[in-house]
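Once you've had a glance at the structure underneath, I'll fire off some questions.
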Amino acid sequence: APAATGKLPVLHYVAEADLAGLDPIWSTAYITQMYAELVYDTLFAYDEHYTVQLQMLSDAKTSADGKTWTLTLRQGLTFHDGQPVRSIDCAASIRRWGSRDTLGQELMKATDDIATPDSQTLVFKLRKPFPLLPSALGKVASSMACIMPERLAKIDSHTQITEAIGSGPYKFAKDKWVSGSTAVFERFDGYQPRPGAGSFATGGKVAQLSQVIWKTIPDAATSTAALQAGEIDGLQTVSSDFLPVLAADPSLQIVKSTVATIPIMRFNALYPPFDNPAIRRAILSVIDQTEFMTALMGTDNKSYWQSGVGVFSPGSPMANDAGLGVMKGASPANIAAAKQMIKDAGYKGEKVVLLDPADYPASHMPAMVAADLLKKLGMNVDVQTMDWGTLMQRRASQNPPASGGWNMHFTTISGMNNFDPAGHLALRANGKQGWFGWPTSEKIETLRQAWFDAPDQATRKKLCVELQMQVWQDVPYIPLGAYYNASAFRRGWTGISTQMPLFYNLRRT
Amino acid sequence: MRPEDQVLMTSAFFHFLRRYPTVAVGGLLMLLLVLIAIFAPWLGTHDPTQIAPLYRTRSPSAQFWFGTDLLGRDVYSRVLYGTRVSLTVGFSVAVLSTAIGAVIGVIAGFVRWLDVVIMRIMDGFMSMPTILLAIALIALWHESMRTVILAITIVEIPRVVRLVRGVVLSLREQAFVEAAVTAGASPWRIMYRHIFPNTVAALIVQGTYILGVSILAEASLSFIGAGVPPITPSWGNIMAEGRALWQIRPHLIGFPAAFLSVTILSVNMLGDGLRDALDPRMSKED
Amino acid sequence: MIAYVLRRIFSAIPVMLFVAFFVFALLSFAPGDPAALLAGENATPDDIARIRANLGLDQPFFTRFFHWIWRVLHGDLGTSLFTGQTVGHMIAQRLAPTFSLMVLTMIVSVVIAIPAGAWAAWWHNRWNDRLVMLWAVLSFSIPSFVVGYILAWIFGLKLRWLPVQGYVQFDQGLWASIQTLILPAFALGAVYVGLITRFTRSTLIETLSQDYVRTARAKGVSNRRILFRHALKNAAVPIVTVVGSGVALLISGTVVTETVFAIPGLGRLTVDAILRRDYPVIQGVILLFSFLYVLVNLAVDLLYTVFDPRIKY
Amino acid sequence: MPIRNNIEQDGRERVLDIRGLTVGFERDRQMVPAVRDISLHVDRGSTVVVVGESGSGKSVTSLSIMRLIEYGGGRILGGEMRFRRTGGNVIDLAQASDETMRQVRGAEIGMIFQEPMTSLNPVLTVGEQIVEAILLHQRRSAPEALKEAQATLDRVRIPDAARVMRRYPHELSGGMRQRVMIAIALSCRPQLLIADEPTTALDVTVQAQILHLIRELQREMQMGVLLITHDMGVVAESADRVLVMRRGDLVEENETRALFAAPAHPYTRALMAAVPKLGAMSGTDQPARFELVREQLVEPAGAPVAMPDDALDPSTRSVAPALSDAPAKKPDVVLSVRELVTRFDVRSGFFSRVRRRVHAVERVSFDLYAGETLGLVGESGCGKTTTGRSLLQLVQPDSGSIYFDGVDLARRDRRSSRLLRRNIQLVFQDPFASLNPRMRIGDAIMEPMIVQGIASGRDAQRRAATLLEKVGLDASMARRWPHQLSGGQRQRICIARALSTDPRVLVADESVSALDVSIQAQIVNLLIDLQRDLGIACLFISHDMAVVERISHRVAVMYLGQVVEIGPRRAVFENPQHAYTRKLMAAVPIADPTRRRHAAPPLVELPSPVRDVGDEPVVAPLVEVGPGHFVARHWVGGSY
């Protein structure tokens, strides 16, 4: 009721980046996904144990052969424009999502037809069983299958939707949006939460705030000061160096994320020297994740990072420590051995073009450490500094390094993408079709496909161990450790989710 | 050298110091900075590019005189090497923009029909914010000192052109230019023999101003991530990288900022003093 | 006079066209691809290519340029590649903060700098003069972001007098709005104040040695009146020139200041747009800046006639 | 601080009594006196005139009385300056506090400065500047002050005072500005008026008006006047007593008539000898050199360093006889000007259209013969300089032709411009401005030779040295900068430069106007000598009639851009035909106190040469009234 809304508090929150676009399918940027969690709802969703639950659905049934799924929508779901949520909206939304998301593409490959017998029912007719269907439709935070009105969902997935009409707990106040500065979300009074308590992205998602105001403060020193001065309530990302200071402030609380972010080193497998897996293995052998993580996080905040990280996100069901010993560290002996390996592999002193995004610390720091390491290995490193915008374009270029291409770059993989092989892009080894770097490894691809087809969790886990061992062989990329984002809130805020920033269930006491 | 001569020279030197204390102080500071730039490798205590993550963001100590930065590099050594970058940027921009600007300005002021065209183009360049141009240029080539110098130079040239043109326009009306015309001097001769020397005083002041401004601009560019490559130690880079921590690690900003201020201070003193010292009319005291 | 103003504004068109073309060319040949940024971390090269085609970015340079010019001539600055908002709307949102910041900075700076410069000129070569000059030089030798941090720390964090960041619109309270702008104005104005102080001083020193100042003294005019009525008005034209040309400095400075104080202004919009390669926004902002610059120059020239009766148009 | 209540002597009230005033400037951390031990006094209603060579300390003395010298870096080192205030008590100005001085300045001592053009504040209206003085010192309301100011302006005979009050200085003519300065100085009815060269830059008709005005006001208010001038004609006309200064010392003081009759000090004698006297040449046709007395001065010990080199000037060494009166053979025409028109556009209005034009030169025609000097005279702003500049193509004439050796220079092609630059040279009106401040003297003189390919290197240097010696300067001067020379020296440098290409025509624009009479005489002699030796044709522009009389063979009189009378010098001076010429002659002050004029000069405002576009002036035709003597005949009342 509006009267009650007036009494609800307002949250002033500094998000890690500026909300750039309004279409979570069109753009895979993390900030857009955060926005999507507020504005949109999904058919399924994960709970805090990472198991899939019904969200917009009241029921989901699969046929005995696993080739038919019948999904029933809950009653009374409405979009922000007041229209009811119908099954055709869902079907169109899923098709649009399915044309972009990797897991969605897998699902679409398996799907024959999505029928909508009535406005509440959605029937998936599959060519082959697809046990991961609920997981796919319930993806959280990375390219989620958000449900939007059919008229919007029919827009080509490579064209941006500039309206924000979902059925989530908060409405996007587009008239108050100042890109680069403020994005305002208002409580959607027509939202129908599930009964029961909220758990991660599912359960009773109850909006306890009248407004969520995202502020963009591009300068870290300023956003920290704003938090200290009490001008904002929450700060999504606290620079590691500030952790001791903010932790000591009695008016603040630090919230550690439970989902790791993994910085990675990525090779361009199309051109020498990194077209040669032996050289990639040589580099793998001298990686010391601790060194990379200290450079990024400092020595004082050990609880916020960890080394010994394999292919899958630490703590996630598929994570394992198979073969981690291949990363032996950069002791002089190891360096010497690796040098020899590189020589034996036929390195002829080709230039290594290393892309260094100076305005993006999470990639800049590892780049600096890596450049240092490659020099020690006697490689001919050419560090090319650029802004993130240039890097994003540059890394998409399949040209030779000398003419606009590259050899090595750094990025982070985060959220639930790397919980399993499904959304794990860096793992893919499908050549020029794949993600930037374009490694080819039939073995990895085969193992990945097997994972999709695996009947149960135990088999999947076993396959993931094999996958990880294969990664140490083919080295499409190297994980450099994992860190846990720390956010800070003023005291008095509770219900802060630790998987990713979510704003339902958050309240002030 | 005989001792008398020595005494004479010293006294002449002290005389100069007394007459132009600002030139003297500014000059000495500048000399000191140039020496630091040249001898940075010997004065430094560490390799300025050697990263050491384990030692990151240390406060000043006996081992790291100015502390360490986010990658554990020695700030003292980086600041010393930074002198090179800042002075190179400052001097290159000052020399390039005053030289190019003076030539264009003299031509614009003297050749009537070119004036309009040149000034419109200059207005165009002038109306572009430096930083914007720099980012665009840096995007075009990649980050390097050359790009930074070029970007700042392009924006500073119109300022010099305007100044010189203004001086030339007023000089052109002066009787001594007409006297040269009467003597049969060609336009070129009039430009380089009569007009140009009379713009020198204004150019020196403007040049030293630009020197200071460009050192500052380099720092600002680093601040928004469009400066010299972060590997290269420059005062701007050190400050830009350490700025988020300035509350808890003030040394990351304090030391380079102090060097920067002293440089600009000395450049200004030098410029103001030189203008007076080089003007034949100002030396009327003797 | 009106015709003069109109003529000046029209003569700005070639300047703006030149700037537009220059920037367009620069951006077109610069690397960086908005499509890659738009698509995000997890997009494939194929996604990027399709987004690029949808945005029309695969067209040849001249086609795009003329397309753009054509639309601008029809009053349409285009649509942001990222937000989908019109460029006109985005600029309109950002005008108020930047302008109020710039105007406040100019007022604060002029109010501080001119009396300071006049004081120094009056006490030419005494310790008062030296002190003012030292302060003036220092104020433009410290990077403005350093000044900004220090101000925010002292007045925002320690004394809690003023907010450390942010911007409040005028309609939400004038005082609240000015409060948010005070610290940024001082940070942005540091360079400007130094410049104007020095310039005021040197111009006034020269003016004070003029014959008409001697005449005023011979009339028995008081010192203050000599300084502010006789000398300052005569020195006004060069001072106004510096104040005006300093606006270019302010425009550049807003980028940094708006970043430090998280003010949603045009400077920040420019940087964001450049970093994201949001071409229509960059173009629109540049056009606006060059027009602003033309207006400032015009205002300066018109101010000349106020201060100096000898100047007429 | 009252010292003595009664400083009356001779039955007249003494306003100012200076004893032993010494004023110095700091140079190299030492005080160098510019004025030494001066004593003088001024009585009510009397005029004391200070004369002396340039740089002798006249202005310094006057500024010291106002205590304004401190603002120029000077310091009063000794002496007392007793001043009788309006209330009757006497104070020592040398000791008075700043506050007292502020009250005295303007209210009790009025001052007219040496350069009237720059002494008015350009951004305040005339009215504001006068009203300010009144409001400061008299208890008046603003409207009263306004009325008072207007009355003062009326008193200095500015027509339409109410309108002029609202104008800015740049909108007034030089003469009007001068009178505004006087109005400011007089607005508070001071006890003492100090006028420092109030008429230097003005031509004789305006000068006469202003001097007359000061005399009249003086009589009316009984104020004491301290007048500084270098024009002996002015001295003779106005002074009760004369003081002569030289190099910081007062060398002679006497009653005016006595001084003129019997100058005692050698310097005074030299000065008197150099005074050009109008009519001194009557009865002769040819120019004549000045007869100069070689000064024989013993330098006092510790004299200021700024010692003019003129004492060693070779041209002063001998007493030259007048040139022979024998008529020369009919010389050739070297330069022939026909129907020369030069106008300047005045733009105004919405689209900066040309609304009005300055008709600076209107259909001027004359010939210049080899070896001849043509004097060009006329009121300030009548177009003399513009005529000269048009000849040299420094301004583009609107129409007309200029033939040199049969070639029309106005064609501006390669050949004519080479001919022009090689053969016609100009000595600019302002010598300082025409020397590049960053070029040494020697380079300035050599430049024409070098660019014309006449000489280069050593050769050019030798020629420059010869030229320097020819104009009476030391060859070592070549190393100096322009600012290191005195006005007279710079003037001669410019002449040397003009002569460096052996021109056949020399245009000398006011080449002697700013100099004191002794230097002026030297330069005139030099020009006469050079002409005799080299056969140069000379166009001599000046507003000093006496000098023109001395140097010219023929004279042209200009008025509002037109030549109204032209003819042999003797005919024009002894038998002026045009009304304007007669007025000009009558206004020249006579340097003889026994022939003082008392009648008020006729008051005329020069009509403006600025006209609306399309409103062409009527050019009166010239008719011959004597051999070679032409006069404009105006259309008056329906007939010529």
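Every chain is named by a letter (A, B, C and D) in the order it is written, and numbering of its residues begins at 1.
Basically, a contact is a pair of C-beta atoms (placed from the backbone, for glycine too) under 8 Å apart; a residue touches a chain by one contact, two chains touch by 3 or more.
To keep track of the chains, here are their UniProt names: B = Peptide ABC transporter permease; C = Peptide ABC transporter; D = Glutathione import ATP-binding protein GsiA.
Nothing here was measured: the structure is a model prediction, and the numbers come from that model.
*Asks:* Could you tell me which pair, C-D or B-C, is linked by more C-beta pairs in contact?
*Replies:* B-C
*Asks:* Measuring from the mean of all protein Cα atoms shown, which chain centre lies nearest?
*Replies:* Of all chains shown, the one whose C-alpha centre lies nearest the global C-alpha mean is C.
*Asks:* With chain centres defined as C-alpha means, what is the inter-centre distance between subunit B and subunit C (Peptide ABC transporter) in Å?
*Replies:* Comparing mean C-alpha positions, subunit C (Peptide ABC transporter) is 22 Å from subunit B.
*Asks:* What whole-number Å value describes the gap between the mean CA coordinates of subunit A and subunit D?
*Replies:* The mean C-alpha positions of subunit A and subunit D differ by 89 Å.
*Asks:* So how far apart, in whole Å, are subunit C (Peptide ABC transporter) and subunit D when each is placed at the average of its C-alpha atoms?
*Replies:* One centre to the other, that is 51 Å.
*Asks:* For subunit A and subunit C (Peptide ABC transporter), let me know how many angstrom lie between their CA-based centres, rounded off.
*Replies:* Centre-to-centre distance between subunit A and subunit C (Peptide ABC transporter): 40 Å.
*Asks:* Any chance you could list the residues of subunit D touching two or more other chains?
*Replies:* Residues of subunit D touching two or more partner chains: there are none.
*Asks:* Would you give the residues of subunit C (Peptide ABC transporter) that are in contact with at least 2 other chains, written as numbers and ranges?
*Replies:* Each of 31-32, 149, 153, 259, 274-275 in subunit C (Peptide ABC transporter) touches at least two other chains.
*Asks:* Mark out which residues of subunit B touch at least two other chains, giving numbers and ranges.
*Replies:* 135, 139, 224-225, 243, 246-247
*Asks:* What residues of subunit D sit close enough to touch subunit C (Peptide ABC transporter) in their complex?
*Replies:* 66, 68, 71, 101-107, 110-111, 113, 115, 118-125, 132-133, 136-137, 168, 170, 181, 184-185, 348, 350-352
*Asks:* Which residues of subunit B touch subunit D once you look at their complex with the stated criterion?
*Replies:* 174-176, 178-186, 189, 193-194, 197-198, 200, 280-281, 284-286
*Asks:* Over in the complex, which subunit C (Peptide ABC transporter) residues touch subunit B? Could you list them?
*Replies:* Residues of subunit C (Peptide ABC transporter) touching subunit B: 11, 14-16, 18-19, 22-23, 26-27, 29-32, 137-138, 140-146, 149, 153, 191, 245, 248, 251-252, 255-256, 259, 267, 270-271, 274-275, 282, 286, 289-290, 292-294, 297.
*Asks:* Quick one: in the complex, what on subunit C (Peptide ABC transporter) touches subunit A?
*Replies:* 31-34, 36-48, 50-51, 53-54, 80, 82-85, 90, 93-94, 149, 152-153, 156-157, 160, 163-167, 259-262, 264, 268-269, 272, 274-277
*Asks:* Which residues of subunit B touch subunit A in the complex?
*Replies:* 50-51, 53-54, 56-57, 70-72, 135, 138-139, 142-143, 224-226, 229-231, 243-249
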